[in-house]
Amino acid sequence: MLHTINKSPFENNTFTTCVRFLQPGDPVLFIEDGVYAVQAGNRFGALIASVLKKNNPVYALKPDLDARGISAIAEGVKTVDYAGFVDLVEEHQINSWL
Amino acid sequence: MSEEQDIKKIMHVMRRAPHGSIYTYEGLEMILIMAAYEQDLSVAFIGDGVYALKKDQDTAGIGIKGFSKTFMALDGYDVEKLYVDKQSLEERGLTEDDLVVDVEVMDASEIGRLMNEQDVVIHH
Amino acid sequence: MNIGILLKEGPYNHQAADTAFKFAEAAIAKGHKVDAIFLYNDGVINATRLGDPPQDDRNIAARWTELSLKHGVEVLACIAASKRRGINDEVMIEGGEITGLGTLTDIAIRNDRLLTFGD
Amino acid sequence: MNIGILLKEGPYNHQAADTAFKFAEAAIAKGHKVDAIFLYNDGVINATRLGDPPQDDRNIAARWTELSLKHGVEVLACIAASKRRGINDEVMIEGGEITGLGTLTDIAIRNDRLLTFGD
Amino acid sequence: MLHTINKSPFENNTFTTCVRFLQPGDPVLFIEDGVYAVQAGNRFGALIASVLKKNNPVYALKPDLDARGISAIAEGVKTVDYAGFVDLVEEHQINSWL
Amino acid sequence: MSEEQDIKKIMHVMRRAPHGSIYTYEGLEMILIMAAYEQDLSVAFIGDGVYALKKDQDTAGIGIKGFSKTFMALDGYDVEKLYVDKQSLEERGLTEDDLVVDVEVMDASEIGRLMNEQDVVIHH
C-alpha cells in the first residue's frame, strides 16, 4: 500500500503518525508541502533513514520539490514526476494521509 | 461468488478533532450512506480523531449541532468495526470509558495491518 | 487501471485541486481511465463556474470542464456538502453535476483505485 | 471599543466563522461597536446567499445579514479573493458587499482592535 | 498582548511556536480545537505550568471546552465565555495565532 | 501630531509554506496593498513561513504561478522591516544565503518584543 503525505513535518504530525502505522515494504510518497520532510540535513533525516531501513521505499514528487527550491534531498530518497506517481498507484493500493 | 468479489473493504480514518473543522462530521455522513451499500466497512480513530468519540460533548454554547451520539447509531447500520489507536487514546489522557461507543483499542501495527488489507482508505 | 478521485478542498486555497488535476492528466496520458472526480467538503467549490481568476493564473474550473468534456471524466459535487457552501445547478460548471454520496460509493466500488486529495 | 474582524475561512468547514459570529454578538451585547467583518481567503465563501444548510443546523449566511442589517456591521468580501472562488454581486448575501484590500487597511487603521479568525 | 491559539497541540505546533514569542505577563487564550491543550493530565501540562510560572495568565474558552467534553482542566487555567473573551480583547491588543 | 497618531504599527506574520496553500500568497497581496497606506508595516517569517523566501523556487511543474520574487519588490514599496526567526531558519537547515531577500534574522524573544508593540498583528 502506497502512503502519501502532503503536510510539512515541521508544523504537523502527519508524517510521524503515518510511520507508526506503516507496514514493512510499503512505499511512502511525499507530495505538496510534505516534500519538506526529505530536504537533506534537516532533523527528519533520522526518521527517513529508519523508514528506508525497514525496506519502505521513500519517494518525493519532483515538481513539488522544484516548486519549493529543494535540490538536495536525503540519501536513499527517490524522486518521481506525476507519471511516476501514477505508476506507483498502479502497483499499489493507496492510502492518502491528509 | 461474483457477488462476494464485488464486496470492497473500505476503511474510513477519522483524524481530526470535532467542531474545529467539519471533516469528522461530513466523514460520518459519508459512512452512514456507504453503510447502505453492504460493503465491508470499518472506521479507525487515529490522533485527534479519537476526540470525536469523547463522552459529554455539549455543543450548545458554540452554536453548532453536536454529533458524537451519531456514532452510537453506526451499530444499527451494521458498521461494527470501530478501531481506536491505543497510543492516540493514551497520549490524550483518555481511556475506553471516556468514549460514547464500544470500540476495539488496538496497537498501531495492528491497525496498520488492517489498513493494508483495504481496497479503499479514506481519511477525514 | 480505472481510477476514482475524491477531492476535499476548494480551488486555489489549497494545492489539492492542482495535484488532483496533474495526477488525472498524467493517468490519462498513460492510457488509464479516470472515471470520476468526486467533490466533497470544501471541494465542492471547485464546481462553481463563477470563478474569475487573474489572467496570468491557471483557471481551475476550466480544467474540470476540460477533463469532463474531452476525457469523459465525471465531475460530481456532493449535494449535502454543496448545499452548505452555496453550490447548486445555477452556478455549476459545464460538465459538472450535483449528486449524492451513494454515487461516491459506486465510484469506490467500481474502480481499481480511489485517491484522495485534500488538506 | 471599536472592533474590526478579519475572517479567513469559509462557513461550516471550519469553526472560524462560528467563533467570529459569537465574538461579534458578545461584543455588541457589551455595547462595543463591531465596525466590519472583512472576508479574506476562503472566508469570502461566507458571502454567498446560495447556501442552503440542513433545517436543524445554523444558517451562517443569515447571521452575517443579521449583523449587517440589525447592528450596522459592514460585511465585506475582498474582490480578488472573491473572484478566485466564484463570489460576486450575483450571489452576494443581503447586507454584504464586495470591496478591496484598501478597505481592510482602513478598517485596521480606524478601529481599536482587529481580530483574525481562521484555520 | 492577548495571544489566541485555535489548534490542537497534538497535531500542530502552533502552541509550542507561540510560547517561544510570548512576552512575560501576556495572556494566552485557547479557543476552538486549541482547548485540548488545557485538558488535565495530558502531556502539555508541563508547558502550561511553565507559561503560568512566567506570569502569563492562561485562559480557555468555556463553550469550546464544553463542546469537546472537557471538564477537568490543568491547574491555574481560568475559563471565560465569549463575553470574557471580549473583556480580554478590551484590555489587550490581540495576536491571533492561526 | 494627530497625523502621526494615525500611523498604525501593523505586523504581518508569514507562518505557512508556499504553494501547499494560498495563505502566504494572498498575505503578500494584502501587504502590497497596505504598503500604499503609509502605515508602519513589518513582516515576520516564522515556522514554515521562512520557506516562502527560499531561493530557486520553480513552480512550472506544479502549474501554479510562483511568487517568491515578489518579496524582492517589497523594498520598492518601502516595506523594509523583514524579520526572520532564527530558530525556524536553523531547524529547516537554511541560512540567510538561501533567501531571496535581505532580512533581519532575530531571536524569537526579540521578534516577540516587536510583536508586542504592534497595533495590529495578522497571521497568514
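Things to note:
Read from first to last, the chains carry the letters A, B, C, D, E and F; within each, the first residue is number 1.
By our rule, a contact is a pair of C-beta atoms (placed from the backbone, for glycine too) under 8 Å apart; a residue touches a chain by one contact, two chains touch by 3 or more.
Given the structure is predicted, the values throughout are model-derived calculations rather than measurements.
The pair with more inter-chain C-beta contacts, choosing from A-F and D-F, is A-F. Each chain gets one centre point, the mean of its Cα atoms, and the points for chain E and chain F are 26 Å apart.
Centre-to-centre, using mean CA coordinates, chain B is 28 Å away from chain E. Remark: chain B and chain D have CA centroids separated by 33 Å (rounded to whole angstrom).
The residues of chain D that reach two or more other chains are 8, 12-13, 15, 19, 22, 41, 57, 80, 114, 116, 118-119, listed in rising order. Along chain E, residues 6, 10-11, 13, 32-33, 63, 81, 93-94, 96, 98 each make contact with two or more other chains.
Residue positions of chain B with contacts to 2 or more other chains are 15, 19-22, 47, 62, 64, 119-120, 123.
Chain pairs that touch one another, listed by label: A-B, A-C, A-E, A-F, B-C, B-D, B-E, C-D, C-F, D-E, D-F, E-F. Touching chain F in their complex are the following residues of chain D: 6, 8, 40-41, 80-81, 100-102, 104-105, 108-109, 114, 116, 118. Within the complex, the chain A residues that touch chain E are 10-13.
On chain E, the positions that touch chain B within their shared complex are 6-8, 10-11, 32-33, 36, 39-43, 62-64, 66-71, 81. By the touch criterion given at the top, residues 10-13, 41-42, 45, 48-54, 61, 80, 83-88, 90-91 of chain C touch chain D in their complex. Chain contact summary for the complex, chain D toward chain B: residues 12-15, 18-19, 21-22, 56-58, 119.
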